[in-house]
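Shared between the two complexes below is chain A, which pairs with chain B and chain C, respectively.
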Partner chain A sequence: MLKLGGRRLQERLIVSNLGLLIGMIVLFSVASPGFLSVRGIIAIQLTLVPILLLAVGETFVLMARSFDLSIGSIYILTSVFTALFASQLGPVAILVGPATGAIFGLMNGMVFKFGRIPSFIATLATMIIYQGVAQIVVTGQYYLFATEESFRAIAISFVASVIPLMMVWAMILTVFFIFVALKTKFGRVVYSIGANYEATRFSGINVMKYQLAAFAISGFLAGVAGGLAAAQQGGASALPYPILLPAVAAATIAGTPITGGAGGPHRALLGALMLAVLTTGLNVNAVETNLKTLIFGIVVIIAIYLTTDRRVVHLIK
Partner chain B sequence: MNVNSSRLRKRIRDSILILFLVVLVVAFAIGSSGFLRPSNIVSILSNFSVLLILSLGISWVVMAGSLDISQAGIAGLVGILIGLILPVIGYGAIAVGILVGAGFGSLNGLIFTKARIPSFLVTLGTLFVTTGLEKYLAVTAHVLTNGIPIEGRLDVFLPTIPLLNVPRSFSLFYWAAGESILFYMISQKTRFGLRIYAIGSSASSTLLYGINVTGYQVLVFGLSGAISAVAGFLYLPYLNTASPTFTDSLTFVTLAAVVLGGTALAGGVGGFHRTVIGALILSIINNGLTVMGLDALALFVVQGVIIIIAAVAVSRGIKTGIIQ
Partner chain C sequence: MASSSGEVLELTAEGIVKRFGDFVALDNVSLDLRVGEVLGVVGQNGSGKSTLMKVLIGAQKPDAGRIQLRGRPFSPKNPHDAESHGISMVYQDGALVPDLKVYQYVYLGREVTRGTILHSRGMRDKTSELLENLKIPCSSDDFIRDLSPATQRMVSIAKASLGMITGENKSDERIIILDEPTAQLSSTERSIVFDKVREWKKRVSFVIISHLLQELIEISDRMTVIRDGKNVGTLDLHEKSVSAAELHKLIMGRERRDIVVRRNASLTKVLEVELAKQRVFDVSFSLGEGEIVGFYGTIGSGVRELGMALIGSLRIDRGVLKKGGKSLGGSIAARVRMGIGYLTGDHASQLNIEWSVQRNISLSNWDKILTRFLKLAMIDSRKERQLAEEYMKLTNIAPPNPDAICMSLSGGNKQKVILARWLAKEPDILVLDNPTAGVDVGTREEFYRLLANSAASGKSFILISEDLDELSTLCSKLHLMKDGKIVRSLASAALENLGDEDIRQIIKGL
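Then we have the complex of A and B:
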């Protein structure tokens, strides 16, 4: 990880974010006793899983200074594919999500690199395409049921009666990708591409390989989230689901700039936790849905204010 | 790079854009006999205007090197707000709405420059705030599903020309055309326009020239907010309804029109004529596919593919440096 900002500053930023997180938890627990009950804690985790997985994936793309708008559509499309195969494959169907997701992610990367077009446009187009394919797949059925018990158990059986299994998978993957970003050569190269593309390329590194991989990771994790969603809900529909913006918010509010080269999946974990606690807290307190969106926006700005590392993000664009 | 080759490159790039547009029109004209029918052209230009009015506003922000994704939220909120207070305070409602839009825009600019937060994130926050507020107002007033009927009260702003037998919604095109010309002139002929390009190329060097960069940045965001508000207001007579959902789908499309035209997200290059062509390409793709009677389900897929082809085509002949 790049320590341009200095260790002390980094720590202060993380502490301010943790402070915000703990502050919200205290506030919501005082406001309603249901928040820290078993049901409340389960609700937080169920909200957390998809946002976390999508945010960690998006983080890799952001680190490399690109943007992936298609993760919301990949989430929907992979959940549809998973539900489609659940009746034949049983529990193995859960692998359909990550497998197809990685392919879609790779396709994003290829459109971006081989087409030599901005990733913003490339993934806007694939966002539309994947959403369209999902609708074609479910045509005439509206909802694909996947109610097989053994399949659903992968997501919704419980560990120690408060932790849904899908949370376990999400955490294992998150920890793995935090390790990849911070402790491996692969991670360092991805940071380096975001910080200075030309310098990385001229140092003899095959940047294309790494950029394609970043997009594939993003698609892969969106696919994991999609597969788990199909198992959790016992099926899937092709209706657009507003998860792109919350996921982008989670990826960025804890300090990963969209100008690349800094931050990381550990920050996405913190960001996703904040948003999951916020969403669940507002739900438990029965705040009107749209006021929730409004409060969500204000908290996003406050969190970003607290965590933007202004020394790493030398370009405030 | 010397001036001549850069100018030549610019010219090549502009002609590729226009060439692509022509190819697209010819392809659709061959694919469907209805495409070049006058009524369909009117319909293309109306939809194009809906998109263009917003995209031109955001172009200022992109040229200055920042991003604004709150436009659709602001436009939606202002539309509902005007719809709600129009029966109460009359035309004053329009002034209120535009002030609210300019206010949110300036707030974006102030938070961006004073709190030093990347503009994408500030405006993402504002998008949540304004969309939430828009829907909340709609729910409280029980108009979330049907919107607020305007009943022709704002028709003065979209006048129809008697001899021209076109629907009222086409009049939005006059506004879009006027805005295009005005902004193009400002960007090419005034000191303001020059400085926005300068800030987009390098904010720090511009600052060293003693130019109030912060002031210009706040101004640009304020302008984008005000334009969003004007768009939100003009959509009322266009639809003859204040719809709380109409702008939802526009969030990233407005930015796509700017980028597709060849204005780099890195700032400092591009221009309003590019945005016009970008928006036109998107509108023609949308309309052409529908007129060809393409199956509604396949529409999305083909639309996405053509956007990729368009982007690849217009990116040729440009030295983009880093394509992010």
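Then we have the complex of A and C:
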């Protein structure tokens, strides 16, 4: 009887990543007492929210055996659209982000499905397209202001004086999608697609439909993040923002394999936390930019290495 | 060291004992292999034959017993060590790497380097030498993926014999153990592989493990039967011919049970198929309620394509495909919704192997495991558990643990999981494509019984198989296909009176 890593290995992975997370928190707070102050905790959350939302969305796409490279561009484009309508719609403008995000996500899916183009390439293209659209929209103004109090409050009013409201939205959505992934038919099917595409197809499931939905979710969540970003900053620009790689890293370092079929949004939560803590910790300690990038990369490698164990067990029959 | 008949013994194992905790996998087992012979080893899954082989090649250490290789004590530390002494095993699943060239694959794991640079020319030449030596019809530069399955199999056997040519072995003789060498091969391919084995016999002694009793009888010099961790007998096929039925009895420990299949099917037509002049086949037939209709054909006969067309994974151009009078939808999802299922012996395309048994059974059976809450379809773990336990019991899956990961199950049990899923789904029509490939005789019997019971309760089946025994046991009607057409149809009355040999003759005559 083969003793498979299986569940025990998964638990070990979570523990080791958690350990890494706690280790970092301890290290940073020792290095700089300001890390765990109110300002520090707020800073972590502000970094966490966009990475988390994008990572959760990307996780669904990864689990469905696809790739969404356009989440960063959707994030920017939706924040631009949101800022555009903030003055007319007030707080309701916050819905512009998720709505347009979902549409862009569906469009990704359409290119993938009807163009029969591998998702990696399809979203590489849409990433550039969406970025281009964003730049066209802001032509002339370069920065769209959205300073209405009522609108901004949706993101930056505080709960318990330490938690910005945007964090609350992000956590609600994250918990919801974790539930969807683990407990619903939809989630189970998406896992199945990543685990074995052929088997899922032969079991009578319309695979395309679910992959489309995964792209829509990813776009939706990127849109939520974009809308919240516009509210938080009080405006939006079309400047390219390097959030794609941290989001994908967050989605994959804590146990969701690139090929899908395992892991899930709960892993993305852990991954996002790790990266947010890492980034903020490095900033608070005023680590030099280049060194920061280096350390970031090393931590990602370590975390992925801890994940790779599972793949190796999998190859040994 | 010679045996009483004067044959030189290549390998002897005596009194091998192996325990896993309380479970005794090998109970004082002895085995011997003569030079230049083909020894067939048969036994149920879980009988201990795989464990025995692992002990022989050093992948497991026995708790007691000793092994002698050409008269000298042999206790390999690991498979690599065993290989350098001239004994190796070719595994069932091949682990072929499709994108490598033949010589790269053959040398995989023991590449020859000059310093740090791969000595490709040397490897290529040695591989060509090996291929020529063994008369394998391919070149060192061919890509594995471009080879036919039979040739691929031969290449993996060649990989195991590499030491023979390169002189890495400490000895010249060679023992190769083949684990299910013809699994997933068509019958023409199987005969190609076995012909090669007969050729190579002069220089290599073979131990072949297989569930295909008939073929093993044809190729083996002797056969050893392992049952419940014991060697229950070694038969010398040159002294006395052995029938599959006799072997069956030794393997199972009892007579084969008869399956009762209803031969006179009701006249209600469940499926009407008229697919004329398709690209790969041209057939027309119907299926009645409670009927099991069989299709026999070798590779190229279009029979497997027919199966794929029925489930919807192969596009058909025109033609009539009606279930209960209604035309079937185009996609697999639509067909499954309309009550058609598809089960193959190739579990890689049907099973989520890293998942538990429970989750594989519930895949497709959503209606049985969901509860709805505010428009969200949630999975009810209790219902899922119940479903899994019910059908695990029905199909007798061992070990009876719904959370067991499918990868750890034996081939036969993996098949049972897929069957359990489809039985739970209860499609009106189930298309079976070589469902018992690589499955041991005991499991096969259970399968047949389940199918017969299901048919008796009104479900219909289309059985596509290359196993004539299976077809004549189960089917009330058998269509023989060749070159895409049905060339002969045998109805139940005729089938009952014909034996396997007779059917074989008919097929030869086509």
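The rule is simple: the second predicted complex is superposed on the first by the 304 of 317 C-alpha atoms of A that agree within 3 Å, B and C clash if a C-alpha of one lies under 4 Å from a C-alpha of the other, contacts with A are read in each partner's own complex, and residues count from 1 in each chain.
Heads up, the rule we're going with is that a residue touches a chain if its C-beta (ideal position, glycine included) is under 8 Å from a C-beta of that chain, and two chains touch if they have at least 3 such contacts.
Here the structure is a predicted model, which is why all the values come from computation and not from measurement.
When both complexes are superposed on chain A, chain B and chain C clash. Of the two partner chains placed by the overlay, only chain B lies in contact with A:Ser66; chain C stays clear of it.
Of the two partner chains, chain C is the only one that A:Ala262 touches; chain B does not reach it. More residues of chain A are in touch with B than with the other of chain B and chain C. Using the contact criterion defined above for the overlaid structures, shared-chain residue A:Phe186 touches chain C, although it does not reach chain B.
Once the two complexes are overlaid on the shared chain, A:Gly115 sits against chain B while remaining clear of chain C.
In the superposed model, A:Ile129 makes contact with chain B only, not with chain C. Judged by the touch definition given at the top, the superposed model places A:Glu198 against both chain B and chain C.
When both structures are laid over each other on chain A, chain C collides with chain B only at 206-214; the other stretches in 206-214, 242-250, 278-286 or 314-322 stay clear.
Note: residues 198, 317 of chain A belong to the chain B contact set and to the chain C contact set alike, using the contact criterion stated above. Partner chain B is touched in their complex by these residues of chain A: 65-67, 69, 111-112, 115-122, 124-129, 131-133, 135-136, 139, 197-198, 245, 248-249, 252-253, 257-260, 288-298, 300-301, 304-305, 308, 310, 313, 316-317. Chain contact summary for the complex, chain B toward chain A: residues 65-67, 111-112, 115-122, 124-136, 138-139, 252, 255-256, 259-260, 264-265, 267, 297-301, 303-305, 307-308, 311-312, 315, 320, 322-324.
Taken together, the chain A residues at the contact with chain C in this complex read 1-2, 4, 6, 180, 183-186, 188, 192, 195-196, 198-206, 261-262, 314, 317.
Partner chain A is touched in their complex by these residues of chain C: 20, 91, 93, 95, 311, 313, 331-333, 335-337, 341-342, 348-355, 359, 363-364, 366, 370, 376-379, 399, 405, 407-408, 421.
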